[in-house]
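Input: structures, listed below.
What follows is a pair of complexes built around chain A, which joins chain B in one and chain C in the other.
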Partner chain A sequence: MCTHIMGIAETYSRGRSVVAERPLTLLVAVVCVLLAVDLVSKLLGGSLSVLSLAVFLKDGLILGLVIGLAGVGLSMTYSILGFPNFAHGDYISSGAFAGWATTYVIAGFGTVSVGDLLLLGVSGDASAGSVGVSVVSTPLAVVAGLVMAVVFTIALTLLIDRLVYKPMRDQEGISLLIASVGVALALRYLIAFVFGTSRPGITGGSIPGIAVPGVGIRINAHEATLAICAIGLLVGVHVVLQYTKLGTAMRAMADNRDLARVTGIPTERVVRATWVIGGGLTGAAGYLITLETGTIAFDFGWVLLLLIFAAVILGGIGSVYGAMFGGLLIGLASTVSLVWIPSDFTTVAAFLVMIFMLLVKPSGLFGGVTTA
Partner chain B sequence: MSDEHAITDDTETGESDATTDGLLSITDLDAGYGDLQILSALDLAVGSGEYVSIVGPNGAGKSTVMKAIFGLATHMDGSIAFDDEGIGGLAPEEVIRRGVSYVPQNENVFAGLSVRENLEMGAYILDSVPEERLADVFERFPILEERQSQRAGTLSGGQRQMLAMGRALMLDPDLLLLDEPSAGLAPDLVDEMFDRIDAINDAGTAVLMVEQNAIEALSRCDRGYVLVQGQNRFTDSGAALLDNDEVRREFLGG
Partner chain C sequence: MSSATERVAARLPDNDAVLILGVLFGLYVGFTVLGMALGLDIAGLASTLQRITFFAAVYALLALALNLQWGYAGLLNIGVAGFMAVGVYTMAMLTAPASPAAGGVPGLGLPLWVGVVGGMVAAALVGALAALPALRLKADYLAIVTLGLSEIIRLTYNSTTFQTFSIAGADLGTGASQGIQTPTNPVMALYYTTPSSPAAGKTGLGEAVFGFFKTLGLDEPVVVDWTYTIVLVIFVGLFYLLLTRVGNSPFGRVLKAIREDELVASSLGKNTNRFKIKTFMLGCALMGLGGILWQGSQQLVNPALFLPIITFYVFIALIIGGSGSNTGSVIGGALFAGLLFEGPTFVRRLVQQTVDLGGAPNTFTDAIAALGSLDVGPLLAYTLADVSSLRFVLVGVVLVYLVQNRPDGLLGHRKETAAAVSLARERTAAGQADGGETEVDDE
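Let's look at the complex of A and B:
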């Protein structure tokens, strides 16, 4: 009896100390519950249809996969090289432009002049309509473009590493960060110089899709392509990290770079492999985003980088799995928030989710779990 | 140009005189970090299968000796030869390839990797994991086999030290460098750790050990060095150093 009462008293005081020490955790929990209740009542009351919620979820998952795919590269290079690469967004754009120029040349060869095709319709006759690129009408050109985006971005990251980051390898993270901002600006305006600053449409023609039975949403061929490629690549990263010697060495190096050196791991080779994998994923992400949205612009990678950073920080910067998971969460937050707020503010919602998560778990969801 | 050659030749002759059958021979070494010089004119040798301890006060440069051998400190002057081949300034992976392994003092396991993955990383320079070496390490440290799929970060201090040594033994080195192997261990584990080092040495691996616990280190080793301010103050057999009044008074607390 006596111990029972003491047990209750103990539980009560422990509960009180949680409330006192972590009021923010409690606040976040309350907000989550309120939102969930409101969502259900909106669904039951009919002010929100199941269909539109399903569309939000689908869009959120698609966006989340893209952010995750692009975020993995950023998180990987952060964990192994020790700095956040601000040029990452512009690697995304570079890969997309290189890939799509290739796709246009192949798809439109013979009908439009090669020079116009290379410039992706910024000037001349190569417009989205006249070239008519889609996964269905020009599959070969799309595959070739995707491969080119990957290869080009890998080459670009290795070149920039050789010219800029390698000579600074032993410097502090902050110096490398500032250097990466310089790289970002240089790349972005080089793209603007060649392709201009307009936002041309890229894909053309009708894109078939399939209806998901039951909820009535439609998934088109480009969304499906993106989802399949992104999931495939993310699984591939997981397999490399967990089951190969290189992946183990990457995790070892992320864990403790000095120890990796004295263990005999050739750290420069691992760094190079990291850029290759990270760069390849980034190029693929850039190409696939453009395929799905159907437009391209010189600064779209930079704009996306904000969301990518949100996802990577949310997941715990340096954790590859955190980047994947954070990407999905940020993607879903920025679309499902449409239930409550107008579309102009969805990015705000994504960042609010990030901020609240960090208040609850300051090192990020996967923070402290080093996984490269 | 020809003058320079003459000078180099002279030094090399001098070296080989001093290091007849040494496995590791350090001659007249100046080393440090950047512009800061820590070691000056240091001579040190380890023979095949020998057990050598380096003791001395804090800041004497004991760990710097190990870092210099492993290419982690700035090599300023003098020479480091292993198997009669200069290794001063080589990258760590090249030093390892020649038969030297190193167990640093702190954070000497990959906390996020499993025990087995830690050991596999010890054999990174080989094309495949040498199964017989792995079996050998597991036989030496059975606890590591039991916990091979556990994350190294969850091991106790003593187990981590065993894992770090096991990883260094994966390539069956001729010389094992141990930096403060007893640091941070509970007192009852210290003796066990030194016994394990004895066993490694008995199996034929030469050991060069830096230790804070000077009495234990000197009573276990074949030969000892007392390092003070980056210089060699005393060199003798471990027992003789323990008997030396000056060494006892100044460095062993009585």
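Let's look at the complex of A and C:
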């Protein structure tokens, strides 16, 4: 009798939750269609020029590539180690600072004292104008800096894994999450302690660009460098994960860590490989976004972190392609939303996209596919 | 101060009251010694201790509210700062004068109590909005959503779009990045005939109290600040009583059951989702009130006061004390405020006063370069000058240390049991002497 009633109640509540779920999905679809129609009518009506839309799209794609690049590392560690790493944003900053210090020392050697060059003009006497770094005028320094950013971030992630996360491997995700918040604070303010807290320009000199025929937008050398490097790295990750034994081992570990260990997969080595790949991509992303925006600050990685989380959740945690795709979507959402809303709400728009995604499809667009 | 604490203490189990008072006493002694070493006079000492007590009380308030969500129901909310902001801003917008002085932001001009209740209700409603995804998501997703929500809230208050706007003919606004003025602190009305302008004259009580403390060498602002701090301490007591009542009620037992094993709780016929939403809303309302009591008392609030770092401070306070324990939350708040928040600045002042390190070098590399000539002075001076950054590093390191080594907080395992009756007493009665342990692990 009692179980009968409970059965009815359960069926009822299940039915109600389905009814409650559908309208939300429907609502999102309707809103998307309405926005698309409005966009077209704005273009046809002339209240939005093709040029400004093209600029929004270009900026969004560039931001999206960087978010995707940084998001792949976050997504991999999330699925394999089982916690959202809140220190990820500060890995981005660390990589950028290490890389740009190298670039400055190489590019400005002899003109400004090495001590000031190392501090990037955040404090000290070096300045973007006196050092004059750009991918055209000092290509060697930029390449060296990019390599340094990758190497330094890999070393940093491995060191922090050894000190903080490895002793906690068996604990649940929430404890690791809280530990990562501690790591994030310590890293961010160590950077602030060494470099200072101002936000100076970092690149100097004139940067050549090419005009895209027809639309009238210009793509400058730094944007092109960023796009080429980011796409190259993402393709590289795809090849590694798809065609090597390491990729298979990672998928196995993300799926079931104990089973993976029982089957003889060296789980610690896989974890280390995850940090190496994820950390390397993160460092590169930090260096490249600084090259493109032309400014640096001790907390810029932390500011980016929520957007990266949004991308990773949008794509589905653990899915590398999801992170790339989610990055592009979030990047586009935060620039194209300028068509409708004032500029101080663009970040809000990106966060709202993430929250709606969690409501509609918590597993993400590429959910169910882990690490590949 | 002491009478309020004693009144609260009388209601606490002996052991916990002694612990809380012991921690406060330890902090007071420590800072009095530090202050005397710095050469502070009686007024300086009084205002130092007031600062310590103020921050200990506000962090205790917020840690208690977070403990309800995380410690009792296992809901990981890292948007504390956002819910505080909703509370304070709603209160400020409701109470700001309809026609403000030049440069002010117009509001609805309602009485203070309407503003406070409105702020708590608004925070609870926003909490319900956040709890919606909480129902179907894992704890780590909820963490990201609440962090995102707190940033959405801060960016919205920071936006120039809502600097001033009008709804149904009434003008109001958020003041954007310049902030919005908050009502005059009601404790002023105890001492002054016109609370907003102390120069206009004092009440009888004001004359008497100020006259008495004048003989001790304490000025009017110190006395007013202490009065408000005592109000905060009383609120800590009220929060504590409320949450203890909630925790021991049938409602609280379901929450603890959800925390331990949600599947079991729902198999027993409890609608766990509804319990979670209610808990989340109550916690958010308390965070809103905590925000009002803290930032609402500072005359002006702006969005920069509600950065996510505030949330992490509250988390550290809770983790120091041990999540799941109300006593732990209060002690954690006090220890965080005293040792991590105020401590480093005092140590810096003391070192700067006693040791002459010369001028601090301008940059880190200059300080390091001096090491080459075996001179540690410049690096020390640079470190002391930039102690505000190192304080955050210290906070981060402490957080990692606690999670790794003392995940149950300094007091050890103090999670309250989910059972209705005290298991400890039962055991003692059965002759199994339990030593000093008051709580028994139910896992």
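Simple rule for what comes next: the second predicted complex is superposed on the first by the 348 of 372 C-alpha atoms of A that agree within 3 Å, B and C clash if a C-alpha of one lies under 4 Å from a C-alpha of the other, contacts with A are read in each partner's own complex, and residues count from 1 in each chain.
The criterion applied here is as follows: contacts are C-beta pairs under 8 Å (C-beta built on N, C-alpha and C of every residue); 3 or more make two chains touch, one makes a residue touch a chain.
Every value quoted in this text rests on a predicted model; they were computed, and no experiment measured them.
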item: Which of chain B and chain C A:Leu185 touches, first, second, both or neither; value: second
item: Partner chain(s) touched by A:Val28 [first = chain B, second = chain C, both, neither]; value: neither
item: First, second, both or neither for A:Ile207, with chain B first and chain C second; value: neither
item: Touched partner set for A:Leu39, first chain B, second chain C, both or neither; value: neither
item: Per-residue touch tally on chain A - higher for chain B or for chain C; value: C
item: Which of chain B and chain C A:Lys245 touches, first, second, both or neither; value: first
item: First (chain B), second (chain C), both or neither touched by A:Ser175; value: second
item: First, second, both or neither for A:Ala254, with chain B first and chain C second; value: first
item: First, second, both or neither for A:Val143, with chain B first and chain C second; value: neither
item: Partner chain(s) touched by A:Gly264 [first = chain B, second = chain C, both, neither]; value: first
item: Contact residues of chain A, present in both the chain B and the chain C interface; value: none
item: For the chain C and chain A complex, residues of the former touching the latter; value: 76, 78, 132-133, 136-137, 139-141, 143-145, 147-149, 151-152, 155-156, 158-161, 269, 309, 312, 315, 319, 362-366, 368-369, 386, 389-393, 395-400, 403-404, 407
item: Interfacial residue positions of chain A with respect to chain B in the complex; value: 245, 248-249, 251-252, 254-256, 258-266, 369-371
item: Contact set on chain A toward chain C in their complex; value: 6, 83-84, 114-116, 118-119, 123-124, 164, 167-168, 171, 173-175, 177-179, 181-190, 192-197, 306, 309-310, 313, 342, 344-345, 347-348, 351-352, 354-355, 358-359, 362
item: Chain B residues touching chain A - in the complex, by the definition given at the top; value: 70, 72, 92-93, 96-97, 102, 104, 107-113, 117, 120-122, 124-125, 167, 171
